[in-house]
Structure formats: C-alpha cells, structure tokens
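Both complexes below contain subunit A, partnered by subunit B and then by subunit C.
The block that comes next holds the complex of A and B.
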C-alpha cells in the first residue's frame, strides 16, 4: 500500500465508523418510536375492547422464503363482475387509504390497474383492524384476502369500476416510509386543461426519485411501449433475415477523430467508449454477415443540455450489404420503422391512451410508401418559407423543426426521409453521390420534425476512404484498422442508427427525451 | 490552447504529413504496378489473338449507387437440381480459383454455402477471360452470370454438390489484396483427427484479422447460433409477461465497493462502468415492473487472463418479484434456459453440426425438470471424490469442473443448479437462509461444469440491507441510494445474470470464450 492508499483507507474507515454511529442512532430512534406505537396500540386495545380480528391483520416477518405457500394471488386487472362472490387473495400497493367512521376505504394498485377495497367493522373485522388499515403508509405493499362484491355505482376513480373488495384479512408485506418525496397523483396530473394550476411534479424531483416516478400509470405505459419498440424492431428484422450482433463498447481508438468521446482507464492504458457500433457493424458486413442489427448503449461526451440529447442512449442499429443501389437499404429501414409504427398502434393502444391523458398529442401519422424528399427539395421548401440558407449548408435544429411542419402541411405525414445530404456536412466515410459531387448517398429520417436516424452508403473502397479522410485532414494512421477492414473484399453497404428514446418520445408526442429514458444520463445527471 | 496542446497538435500534424507521404508513395507504387499489368495484358492480347469476350469480364467502376439495376441475384444455397438449365446471376466471394488448360475452376462462396464455377474457353469465353478468372485474388467479390448444369459426380468439397455453374460473365465488384493474413481453409481445420499436423491458425492471428476469421463456416455458425440464444431468451421471457428494460452503463458509484471497476472521465468528474445492471433491475422491481429482463454489455476490470473471462461481455439479465419463495424465480430461470437449449437443438442443428466438424463435442444434455442440488450435497459429492474442503468454503474453478463431471456421471446432465450457497461467499445484498444462518437464498447455474449464471433472492428490507453491509465493512454512505430504493415499499424478489458468450461456448462444447465473442476484450486485447 502506498501512503495515499493507507491514508485513503483510514479516511474510509473513519467515514464508515461515522456512518455506523449515525445508523445506530437512527436504529435507536426507530426502536423508541416502535415502543411508543406499541404502547399506543395497547392503550387503544383497552379502549376498543378485545380484538376479535387480531390474527386477521398485522405485519408478518419479512418474506425470506421461509416456506412455499400454496396460495393463488389474483391480478387486480382480473377483478371483474365474473368474480363477484368469490374470495380472493391479492398483493398490491396501498395507493390511498382513508378511515370514515367504522370503515376504511383503500385504493389497491397494481401497475396501471387499481380497485377499491373496504375494511368495515363486522363479524370478521374489528375496530382495531380498521384503524390498522387506515394507518398503513401509502405505497406499502399488502397481501389482502377479501370477497369480490358488485357495486351499485361505477367507481370512476379506479380501473376496476364494477366491483370492490370486502377485505377480511390484510397483512403488510413491505412498509413504505411515511413521507413520500412525491405524490403519484401529482405526478400524473396534466399541466394544462381542467386541472391546470394544481400540483404537478418537476422533472428533477421525478428523476431524483425515479423508483416512485416510474410507478405512475404514465411511466408504466411509456416503458411498456418502449419495450415494444425494441421487440417490433427485432421481430421485423429477424423476419427479413437479419442476424443480431453484439459489438464492443470499449474501443482502443475514437473512430471519428476523438471529439465528444469518453475516456476509460483500461489497466495500464486508456480506451474510449464507442460513439456508435458503426465500425463493428461494417466489419460484420465485410465478414459476410450480409444483414445485421444490434441494440445497445451509445455514448456521446457532448456537453449538450437540450430536450433531445443524452450522453448515453440506446441505439437501434442496422447495416446491410446491397446489390446495386443504397435505396435497397433505405427501403428496408423505412419498412422497419413503418412496421414499428403500425405495431405500436395495433398492440399498444391502451398505453398510447394512458400517456395521452397526461400529455395530449395528435396521433402519429405516416405514409406508405414512406415519403422520401431530396435535400435540395427540402432547402427549396425552407427558402419558400422565408429561410435564408445556402445549398450546401446543414439544417439547424429550428430549420429541421420548420421543415417538419411544412412537410406535415403539404404531405400530411409525421415521418419522412431527407435524402442526398451535402457531402460537406457528413462524415468522411460517406459515399459521395456518383452524379453530383457536392451531394452524398446519405439520409436522415425524421419524426415530428426531429431527427431519429442518420445513415448513409458507406465507402467500401479502401483507396477512396483514405482519400476522403486525407481530404478532411483526418490522421489516417489513427484509423488504419478501420480502413484495413475493407482490404480483403467488401460488398457495397449502407445502414443507419436509430435513437430509441427519441422514437418513443416522438411517437408519443412527448417533449423531453428524459421522459423516455428510465435512468437518463446528461452532462449534469449521473444518478440514480 | 496550452503549450502541451499546441505541441500535441504539431506532432499530430507532423505524423499526419508523414502518413500522407507514405500513402502517396504507396499510391505511386500501385500506379506503376497497374501500368505494368496493363502492358502485360496488351502483350498477352497479342499472343492470344483478339478477345471475343472483352465485354464479358473485367473490373467495373466501384458501386456508388450509379443506377438501380433490375437484376435478380440468386443465393448460392438455392442452386439445386431444380435450377438446371437456368441462366442466373449471383454475387459471391472467390473462395478458390485455379486454371487448368483452357479452363478455370472456381469455388464461389456465400456465407456457409459454396458452389463450383467453371470458366471454359468456348463460344462466349476467350482465353483472356479464363486467365482473368484465374488471376482474381481469393476473397474478392464477383458478380457472375452462368448456366446451372448438373454434374455426373457429386462435388464433395462444396455445399451444392449436384450442380455447377458454367460462367459466361464475371465482374470483380471488390478486389481483395493478393496476400491474405490467414487462409480460410486453415482456419476451419480440426486440430485433431485425420488432418492432424496440417496448418491451423492460432487464436491471436484469428482475432487480429477477425474480419476474415468471421467468414469461416465455423464462425458463421457460432454467431448465427448466438443470435438465436438472444432471440430464444427474449421470446421465452416476453411470453412469460416480462418487460424489457434498458439500464445505464455509466454509473456514479461502484455498486459493490469499487473493486474491479473501470473508471470513466465524465466531464469535470469521474464515473464508472456498470459491473452489472443489478441495481437498475432491482429499482425496476421496486417501481412495479414486476418481471424484467435486459441484454447488454457488462464490464469487469479484472486482470484475469483465462479461457472464460472477458473484461466486457454480454449479460442476459433477469429480475422478478415473487410471492412467497425464491424458487418461484429459480423455476422461471431454469425453464428459460431449457427453452433456449431446446430451441437451439431444434432450430440450429445445421450450425451445431458445422461447428462440430471443427470442434467435435458430445451433444449438450439436460433434464426436465432441471436438477437442483443443495450446496452441502455438492460439497459431500466432492468430499466423497477425495476433495478436502470446508462446508462454508467457496468452490474453486477446478472443483466446479470436477463437480460437473460427478453430476454428469450420476445424473447424466450437463446443466444443473447449485442452490443455497454459504452466506459468507456471497455479496452483502444476498438474502440469508431463514432456517440456517450460514447459508443463503442464492444459487449458481452450471453448463458442462462451468458457471453461467449467478443469482439470489435479494434483501428487500432497507434495515437488513444496512445491517449486512455494515457487518461486511462496506461504507454504507456510498451505497445510500441503493439502500434508499427499498424505503418506499419493495416486494420480495430474486434474479440472476447469464453470460451470453459462456452459454454459447459451453452449449457448443468450445473451450475459449474468445471464440464466442465477435470482438473480445481482455486485459491484453482492445482491438480490433
């Protein structure tokens, strides 16, 4: 051990001791509190008389897999009129609970479903049991046994509107702390409309307490739909004969010259985090895998604090050899995206509706076949709308947005391809257009006016690749292994990378990519 | 710019200039060579007479998407007797080519399929064309047009044994360099058996030239099967109602105390690469996702140079809330693995056979239901076989291997679960066994005697979690956010992580995990 290490270890130990002391104090406090509660309970028992239900409620020992209990737990979503009269067990969260005289009403929640529960003094239920139910901290998890009963009036506030549960047993499986950092009802409240002005939850509070924020119906719907995006992407490509590949994220050299790349300490040397799987996808094409896709994290050390940038996001990547024209690949990609849009529309309507309650938006529109505009056409539309820009200038974000609106007005679609970008604004490995030197065989795809995919025919000839790199002042020695990949026969190929979080965000008409990343990473956020 | 940066930039520039010079020299050399070849060709034309086939072969301009050609290219695997007499176009690699008098035989390869091609002097084919075909560098990509002809004797060396292609046009689409760093035939040669002693390719040469090594029938089969492992894993879990999640790889604190973790520079601070998605999977369970899975990279900064360790590998991860006993989860995991084994057996028999030709192994055996042994039973079997070890001692790698052999002998299975590991050898978040304090609710799963999954019931109670961390001397302040995840109601849950490369390796009976990682990363390898 070096001096610093010893010192560090000692500091750690000191801190650890301090933490232990603090925890001990907390434990003592908790013990005192428990004692006080027990005393109160005992007093209350005296006041309420003998407890006829004392085995029917409580907080049993933590589930440690003590025994295999042969008990069927029903799902809240299955509590319908068909079950009326049945005695069922279920496990759920206590969404709300309030006492009202000799009874306690609870809303029992399971993911996006909830049902009303009632604990009312009677043959099986004591006053003490009602009190117990009323005092359970919200968000605690309970096992309840009860009889399913039909209700006279639909319960508008619950997903299960026709029945309620008359509870005969209630046990707390896991207790939530009494004070929640955010209220679930506030977290799903729309910011405009009828409820305008009532409490909502700001984004940082949500993200700081993501474990609770993810429990809302909106979050549940967003991430179930996102799981669907991945599934539809793969399903479509596997049916088209694509092979799934896994590409390394730790790389020895930054593929695009070293800007915006995270550095990793790698044993006695340094490495980088891959900004895209592109080199590896291309190597797989050179290795005869013909059509490949991968889903994985992509890292960008860009200090961009916008609604659509993350430092780590999920890339849905495609690369494919083609015969004679890169449009063979463009068609496969647009077809895949259209299959995703259709699949979401057909399989995730509940989720779309749920998100729409909090964040209303127009349904996502697309055409078949997909609209493909050439770059000059796009520039012409922008110029006509009063934008001043050069023919070989890249699109700014506001201009992308504007073009999206113009396209929507003219063609009634939220999805289109912009093809033939100026060569000057694309990376060195982009294949130049064979007919007009200032353009290239490259394309972006847009949803609601925002870019979700960037792609191109790649240069598969090592000499042209070298020439282009030199032309752009790139140190060719640093990208030697990339160029060498094409020296042993390489088919013409093209591909692109899709940002998963952006697709989910834009399909649902949301406005921040942090809403569609479970645990977002940006220059200012690394936790939780 | 600082002085160092300026100096660095100058050095870069100098290097860049040097590289440019080198490239210019190479280009000049290539030009001279081309000139010489043209001269030779002209001379040869004089010798061979006028070329009647001069439009029927050659090296056309690089495919730059000049035009959309309406030409159907057939697949080599579809060249069967049914196609005899048809004129077809196809694109393939030149696997081998050799001239023999007035004809040239080629083996044309597409992935794992190949067919014999023949260029013979005749009405459409000139001597020059035969020469051209014979001089194409191996591994170049060609477009050929030809007539499918039945052959008298089966062609044993090709996958298409009943037909050959009589070539009438041949164009080189992409030229491979004349010298290959490895020969594909050497790279698929078994190391034992009949061909023992003939050339094979060592692992570093393979990995250094992965683009070529991945073209072998063996590699193609391995990675197509691996794509199947992922597909079967997801298919099974989606059918079971699991949700796919995406977890961040850049994290702010090392979850297990900071050992074996890669450090990342993150803007003005430091971060780490996730050693597992476990914390995030658990947070999703606490956020009511109930059953989740994810597939993604996992990073281990371990200086282990063994046949089964990688610094970056792909984790197939599962986490699931359960009702009363963690065996509910164990059953789901073993059922998933068994579905994978069956799916591979039923859908990937060709690939299994292909790999077996180079690396023979016994077919993978498994039982239904899966064999679950308790740790003490395993220790007893080892002791009976002469191993000296304590009851609470962890299994060494040789002992794991030995136990695998003993289990195979006794139960005839290559797959089993070892349950109830000693608490002392598991991480702090492992749930202790409720009946015997020295054991825990944790398990490993093994294929052919090697660990492929490690898992456990996790402690879902924040107090017990804190106690266990303190007991093991972990600085609880550093894992505060992990512990806090359980403060707002957490269901009992369990899970595990499977190593994708190990599953593929062990299912196929291979002996090095680098064979089943496309671009492996270990302490000594960061490229390609």
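The block that comes next holds the complex of A and C.
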C-alpha cells in the first residue's frame, strides 16, 4: 500500500466509525422519543379518566339546525366595562392562541373587534381543556362562554381594552385548516414597517385569497365605509326628489364609441355590456322622470393595467333636467358629493381611523361651496408650473395629478370641479359652449387630483345631435334610436357618472382601486 | 455636447476671443483645445480650468487651498459620476447624495461661487429637466441650489430655465 492509500483507508475507517456512532445516537433518540410519547399517552389516559371538564369543551356535531337553543350570543364589540361580572356567550373566530403553562390566552375576533380570552386551570377548567384551547387552529369559529372581567392594565393589542373574558366553556363550531395562505397580522401591517424585517402580504396574494383578506380590520372598515357611500348617495338624492332607476346592462349598441366594449353572444346575434347607463338615463329624462339616479355595474373593456382601472366597477349615475343653465345640475352633484364627504366624516370616523392605521393619509378636505375652475384657468396654472401643453389638449394623468396638487396648495381642497372642457376631447353628445365654440358645457370632478366624475350638458336637440355626430364621423344610422328619443320633446338636461371604488379609494387616500373593490375585475383577473 | 458647453462657458467667463475646440479624441467626445504656447489641452475640466485662468477669474478655482481642493473634487465628480449616470438608479443615488451634501451649503464649495457650480449645473441640467415636481420637491436642496445657479448672472446661457415651485405641493414627502 502506498502512503496515500493507507491514509485513505484510515479515513474510511474513521468515517464508518463516525457513521456508526451517529446511527447509534439516532436510535437512542428515537427510543427516548417513543418512551416519552408512551409516557405522555399513558399520562393523558390517566388524566382523561379524571378530566373534570369533559363536557365543557369539544367539537360538537355540525350545526344542521337540529334544535333551537335559547341562548343570547353577545357581540364582541359589546364587551365593555358595563358587562363586568356577567356570564356571556359569544361566537367568534380564534385570531390567535398561545398556551403558557396552566393557562392559554386567546384573542377572539368578531369582524373588526377583538377581545382577550383566558382559559386557566381552575375549578371548572382542566389541564386537558387548556390543551384543547391551545390546539384550536387559527381562524376556527368557536362558541365561548365566559365571565367578563376587568383588567388592571389596558390590553393594547385588542379593541376591547378594558376587559377580558375568563372562559368556562369552549366549543369549536367550524375548524379552519391548520395552514393559512396568509397571516391576518401580516396583511394589516403598515408598509412602512418594512425596516423591522416583518412580512407584509403583496396585493396578488391578498386578492387570490380574498375571503381571508376581507377579514382584516382594514378590509372590514373599507367596505363598511363603501356601503356608507352608497347609502349617503341614495339618501341625499332621494331627499332632493330623485327617482332611482334600474337600467339594462345588456345592450344592442355601444353607447360611447365601440372600442372599449365587451361583446357577448346573445342567441343568434351579439350584444354588448353597457359602458354606462347614459342612454337609459337620458331616455328616462325624455320620459318625464325629471331627476333620476342609478347604482349598478358598469363595464369597460379597456386593456389598461393601472392602479385606477377596473373592467367592471360600480357606477353611481345621475341625470337631471334643468331650467336654464347646466350649473343647476353641477351644483346638485357637488352638493351631493359634499353631503357624502360630510356623512362619511361624521358617521364613519372609526372606519377612517382603522384604515389610517395601515394606510396613513391626510384627512380629506373640501370647500363649501365647491371650487369650480374653468379649463383655461387650469391650463394656465399648469403652464405657470412649467408644463407645456396646448389650450385644447386633454389633461394627461400626470398633469391631472399635478393640477390637483396645485389646487390643493392654492385653495386647500382635495375636491374641485374643472368646468368647460375643450369640445374636441369630449363625446359627440356634449353641448357646445354658446360663447366660445371650442369649449363645451362639460365638467370633470376630481378628488386628490384624480378624476372621479365626468359629466356634461347633453344635446337634447336631434338636429344638433346629428350634426355633431356627422362632424365627428360617427355613423348616424348606428345611433338612430338614440337620436330618435329626442324627437318628441326633450327637456334640457345634464348629468354625470361616478365610480364607487374610486371615490372610496380617493376619500381614504389609498393607492390602488383593487383595495376598494371586493372582488376586483381587471384585464388579468377574473377570479375569485 | 462638451464643445457646446465650453463655448457657453467662454461666454459666461466673458472671454471675447473664441478658442478652437475639437473633439478628435477617439469616440468618447473628449474635447481638445489647441493652445498657442505648448501642446493641446485635453478634457472638459482641464480646459474649463484653463479658460477660468485665461479670463483672469482664478477665484472660480477656489481662493484657499481647501476650497481649491473641493472645487477639484466636484469637477471630478462631474465627469466621473454625473456624466456616466445612465440608469434611474444612478440618477437617484446622485440626487440623494447631492441633496444631503447641499443641506447646509449655498454653493458646492461652501460660501463662494466656483467653476464647480457651473459645471455640475451644466451636467445636471438634462437630469433635472426630466424630474417631476414631486421629485424636485423631494430633492429640495438640489432644487434650491440649481435654481440659484441658473439665475446666477451669465451661467444659464442656452439652457432652458427650469421652473421650481416656491411653495410645497407635496407636504407629505418630508
């Protein structure tokens, strides 16, 4: 043998020795483990025998409406100091649970409220029950009975800070799977918290698992506030004497240009999904409904993947006949929006603050009466800021935003109206300005520098309507039925349409419209 | 580019007699100045320093040894950092560093206007032109310095004046 070979053999030997040792160790470990497990099993068997709280916990049969139990379930938000000493039942989710020796702390969550629960070994509670509580999977739904107790130190992590619940019974009504696709705590962490190296959940993960994401306090607050927008919109307009209408969403011809419209097959022919209830609102005006509004889905087949475009969104539409000047309508609309802003501020303060915790933003500011700027004024402000643009050019998105900042700086308002758009950039049915032919009686409304409403006085004269359509090279045959609706006496009217998601987003100062759409639809997302 | 800049600099310095520049040094566009006495001068900052002396404006190169050293440092920064920044990333780094540096200064070399201010201004012009108002406000000290330099008598020459808002539009940035 050469020297090297000897050395190699020695090494082999050493290695096999090592391996043997390792094996032995592992075997020992396994034996120990088995022993331990056996012991534990034996222990628990022994313990099971003397479990004093056997009936106080467990997983009852699935609720199939077998019986009507006469039991009042208290809402978590109602657990306050007033209830101290009372025995209550409640149904909630297990937000977190962590065992520590003979006790187990649970955070019980119901919607955006949560309370601390405590299962501690005592007269009614056994060791096994504590163990059971500690092993309930997160997000499971439980029925809990307990005594409300005052705490010495405020519980900072819960919404119910003054009390905790000493649990006496706990039953699992619905078990969640042990592994969640995302952690709720990660999903509500402010984005600025990145320096701590804590996880945050990205938008797509959230949307893929929307059901869980919607459980977060932030989502709960956003959509409760959004419901408030609709409610305030309805409330205000009905008080103003408006009539709510329902319009068809399957239509035979595209209302605003054919490019961005979804085609659906309709028996032997094809139909379109409505881009706005425009035509039907106007027909209602011609049918003497005077003031109408409509809340419903609106479809846009624009292939734009931006933070503020969806392919299906909820439109809040207004159309109204006026006497002599379309500003009568503008005032009604701005007044409605201001009432919504005020209503949100007064009724949804908790929700606004909840969202603000995760997505901080300045409070929304508005003026009364609403600021109305004319388009040329806006262009002048932009030019002063060094933007090069033509007088009759449409506003680009960056310029829109910049103008919003300039207006905010000058007038201290996040909400304003830009009036008198150039005729060239508006649809054919827009009424031209009687004083300056290149402008029109149309307006956009902006929140935080982003457009939320686009509206105008519509042409109610069939002849002028035909002329304008011809001028813009539109096939008059295709819009014949539209023009015909104005032949039998049509009052002067104006209106506009608002996107519900955008209003919610911009009111709260959020950055993506998907955050304010419960199940967003965009060119790349069709599920969930 | 560099040639136009040197011609502009001549005017800034009030040099009536026009020098003959060429940029025959390879493809990199490095300018050359053929002087009357001796070999040709090569390189933007070298020629610029020479022009400053020709114009009898030596104070533009720094009045104290320390100031001169700082001026040289920024002239080098101009050609090695500013001129070679191509990506968004580079631009951001330069603006961030410069913004921090200018926090407590009126001019690059402290309290006196120098050649460094002129050349760095020239170099940054295309970058600052492209910035949005939001970014101009984000790099507030750069904007303040830049606005000051562009209004300094004779500096701007053929460059477009860039508009800076006097009021803060984006108060949340800070």
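Please note the rule applied: the second predicted complex is superposed on the first by the 475 of 528 C-alpha atoms of A that agree within 3 Å, B and C clash if a C-alpha of one lies under 4 Å from a C-alpha of the other, contacts with A are read in each partner's own complex, and residues count from 1 in each chain.
The definition used in the following text is that contacts are C-beta pairs under 8 Å (C-beta built on N, C-alpha and C of every residue); 3 or more make two chains touch, one makes a residue touch a chain.
Quick caveat, the model's predicted, so the values are computed rather than measured.
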Message: In the overlaid three-chain picture, which partner chain does A:299 touch, first (subunit B) or second (subunit C), both, or neither?
response: first
Message: A:390 in the overlay: touching subunit B, subunit C, both, or neither? Say first, second, both or neither.
response: neither
Message: Quick one: is A:241 in contact with subunit B, with subunit C, with both, or with neither? Answer first, second, both or neither.
response: neither
Message: Per the contact definition in the header, classify A:251: touching subunit B only (first), subunit C only (second), both, or neither.
response: first
Message: A:101 in the overlay: touching subunit B, subunit C, both, or neither? Say first, second, both or neither.
response: neither
- request: Based on the superposed arrangement, let me know which partner A:85 touches: subunit B (first), subunit C (second), both, or neither?
  value: neither
Field: If touched residues of subunit A are counted for subunit B and for subunit C, the larger one
entry: B
Task: Enumerate the contact residues on subunit C facing subunit A in the complex.
output: 132-133, 162-163, 165, 167-172
- request: Show which residues of subunit A lie in contact with subunit C when the two form their complex.
  value: 362, 384-386, 398, 402, 405-406, 408-409
Field: List of subunit B residues in touch with subunit A within their complex
entry: 12, 15-16, 19-20, 23, 27, 62-69, 71, 73, 91, 93, 110-111, 139-141, 173-177, 180, 210-215, 219-220, 223-224, 226-227, 230-231, 234, 238, 243-252, 262-267, 269, 271, 273, 280, 283-284, 286-290, 295-297, 299, 301, 303, 311-312, 314, 323-327, 431-435, 441, 457, 460-461, 463-464, 466, 470, 473-477, 481, 485, 487-492, 500, 517-521, 523, 526-528
